[in-house]
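All chains are identified by letter, namely A, B, C and D, in their written order; residue positions are counted from 1 within each chain.
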Amino acid sequence: MPPNTLPTDYAPEALPAPSRLESFSDGVIAVIITIMVLEFKLPQEPGPKAFITDVIPTLAVYLLSFTYTGIYWINHNHLVNRLKRVDAPILYANLLLLFCLSLLPFATSYVLSEKFNSFSVAVYAGELFLSGLGFVVLSAAVTRHFHRTGTANPVKLATQKAEGRKGFLSLALYALAVPLAYWHPSMAAADLALGTLLWIVPGFMLPASRHSESAGSS
Amino acid sequence: MPPNTLPTDYAPEALPAPSRLESFSDGVIAVIITIMVLEFKLPQEPGPKAFITDVIPTLAVYLLSFTYTGIYWINHNHLVNRLKRVDAPILYANLLLLFCLSLLPFATSYVLSEKFNSFSVAVYAGELFLSGLGFVVLSAAVTRHFHRTGTANPVKLATQKAEGRKGFLSLALYALAVPLAYWHPSMAAADLALGTLLWIVPGFMLPASRHSESAGSS
Amino acid sequence: MPPNTLPTDYAPEALPAPSRLESFSDGVIAVIITIMVLEFKLPQEPGPKAFITDVIPTLAVYLLSFTYTGIYWINHNHLVNRLKRVDAPILYANLLLLFCLSLLPFATSYVLSEKFNSFSVAVYAGELFLSGLGFVVLSAAVTRHFHRTGTANPVKLATQKAEGRKGFLSLALYALAVPLAYWHPSMAAADLALGTLLWIVPGFMLPASRHSESAGSS
Amino acid sequence: MPPNTLPTDYAPEALPAPSRLESFSDGVIAVIITIMVLEFKLPQEPGPKAFITDVIPTLAVYLLSFTYTGIYWINHNHLVNRLKRVDAPILYANLLLLFCLSLLPFATSYVLSEKFNSFSVAVYAGELFLSGLGFVVLSAAVTRHFHRTGTANPVKLATQKAEGRKGFLSLALYALAVPLAYWHPSMAAADLALGTLLWIVPGFMLPASRHSESAGSS
């Protein structure tokens, strides 16, 4: 292929495949999600009573954070699965998302140690907002890559657009939780749960998957 | 391919390959299995005597938990190897299994710190029951995926069915260990070992492998 | 192929593909980058004031180290992406780079605990110099591999040469930061930032990517 | 292929590819090698003098253990690269090797805390013997797999045989270090170094690589 047939200075085939972005992200999220559970402390006293009072509440909160991280991993999986190549903006946006997610164990410990007072719930909501923002930025970098390289069909682009709307809706819910935490922390918690529930089924609010992604790979 | 030729709203080719499920699970299990061994403490006093009394018993217990986690990894390897694509229920069932497995280091520390009294052995048996349940749920999600997509031959389905029976048998043995721990902890330990021995040879109680999986890939 | 048709004793097709170098490096860098963030301590006192004074400055410094490690990961990604096979010198040079990078969390903690005095900033600059040296050595091992096996086109070789120049320039800037730390620590910090900025855009100072790497893979 | 054309009950194509063995091993070794370096403690007092006395000796010892683990990773890389499929004995032998390697950080801390007295050097030599044994067992499982499946050419088998001899030679050197530690610890250290030097060049004492492995893949 003579160089002058390339209309732009952007050659998608020169870019790396997403395999390392995937394995690096898997490694980082695996360490985040596992270290959380390994932080469990032994109860101070022996016997079933100390076990139930000390271990069960911590277990419940960490199960939530594990679920939350797991949902991000599943949606990251589906987002990156749409890509054939990755460029530098996608790699940096992915690092930003990983950085935001890596603050979740700290926010979880903080909300536990502060016994769910208004400020700590607002911090936790702020951390969920940050992680959501990281995901929206990564999704936008993917959309930009599709537009610059022309490697996506209309259906993939529609999926990206719908996922962007879903991302902004959950960001709005997370942002709302910050003032709600000062009015009533449990209302904020319900609002945060709502913002996360949107993502449990990866395809919710997106075009039907048989159209969107199968068409892209044929 | 025109959309109306698809009989269901479920297009297997739109789903991600299991590569990321594998690398994420490998990462999580690698952290679980390694952190356990790295938790070893130096003996309080110098010399061979303190080394033998302090290090050898801990080493023996962690060797058991390492083996146990390793057996789950090998069987996970064989289960996921049957898959070409993964859907959301498989991804969530896999997260559940990883969460259950990640509690094993805590249960191991607990049973050591409580010196194998009845309650701590019952907690350990409960954790093995949970991990077994996680594996049965993942295996059921794989079977459901095979039925919905029609991507498995009869031999793969027979393997899944046989593995399900094996899973329920080991669950029954783990559940039995909870009351046994109150009658005699060492009987419970023997019962737990029996439930685990079933899984040491991945093909035990399953149809011969030349039929089951080679046929599936041809 | 009869053995006597091989002009050298060096058969590239006998060497492993870079996949394991990639996944091992991803694992090591994932642990380095995540452990840094997990080292966050809860503030000593409750409430927003302690949160802001204790958490925000640590967060800022760790964000820098996270970014720094992330930039190395991205450039490592692009460097290794040029390879089809890896030989023992590349594997050892990669281990050297990983060792140097793994000292970054320690250097970060040290500069924080010493409150940015001249010696601690010089130690931090020395660690950045070491990491830069590790990258230059790995890049040189890749160039040597290209020359010995003849597996690179002229454009890949030109990219390697340009990247080598960029590496030596940033090494010079890092080395300069060691004496600067004794003159004025903030000048040293600016100099270190300059040496790192060179690497933020992976293609900066390199031949245009459509020529360099796409030509290599066609 | 009709089932009755299979002469044995062993169908290599039913077995998983080595990709997960590789990624799991990479994960475990990545955690082992990184955690060692992250265990560095800050010096007790500020300033260059405390830095040099506290940090430099620990750095030197951990550099050795990092190198040692890295050499095992490189040789593991070359060994597994010969395989197309893995069976259960290979998976278990690999777990054994990973368990042995995971004890190295503990042995390193122990020899440091005991100030290289005879017993601690003997413990360290014992740990190197164990890791060497793990590698010999894994290599034997690979050879057995080649014989059972007939998937290796004569050259691969010759490489395995030569690697086995190399393994036994280093085991003999490690075993010799245990009594040597009671005679003179520094002689034991030299002997251990000799046993490890054999493995620095992966192809040392093996048939020339152009014959051994390139022929296998053609």
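Quick notes on this structure:
Just so it is clear, a contact is a pair of C-beta atoms (placed from the backbone, for glycine too) under 8 Å apart; a residue touches a chain by one contact, two chains touch by 3 or more.
In this text the structure is predicted, and so the values were computed from the model without any measurement.
Using mean Cα coordinates as chain centres, the one most removed from subunit B is C.
Interface note: subunit C and subunit D, two copies of one sequence, contact each other through mostly non-matching residue numbers (shared numbers fall below half of all numbers used).
The geometric centre of subunit A is 37 Å away from that of subunit D, both derived from CA atoms. In whole angstrom, the spacing between the mean C-alpha positions of subunit B and subunit D is 26. Contact of a single residue of subunit A with at least two other chains is seen at positions 23, 27, 30-31, 35.
Per the touch definition, subunit B reaches subunit D in the complex via residues 22-23, 26-27, 29-31, 33-35, 37-38, 40, 42, 46-48, 51, 63, 66-67, 70, 73-74, 77-78, 81, 201-203, 208-214, 217-218.
Of all the residues in subunit D, the ones that touch subunit B in their complex are 1, 3, 6, 9-11, 13-16, 19-20, 23-24, 27-28, 30-32, 35, 88, 91-92, 95, 98-99, 102-103, 105-106, 109-110, 113-114, 117, 119, 123.
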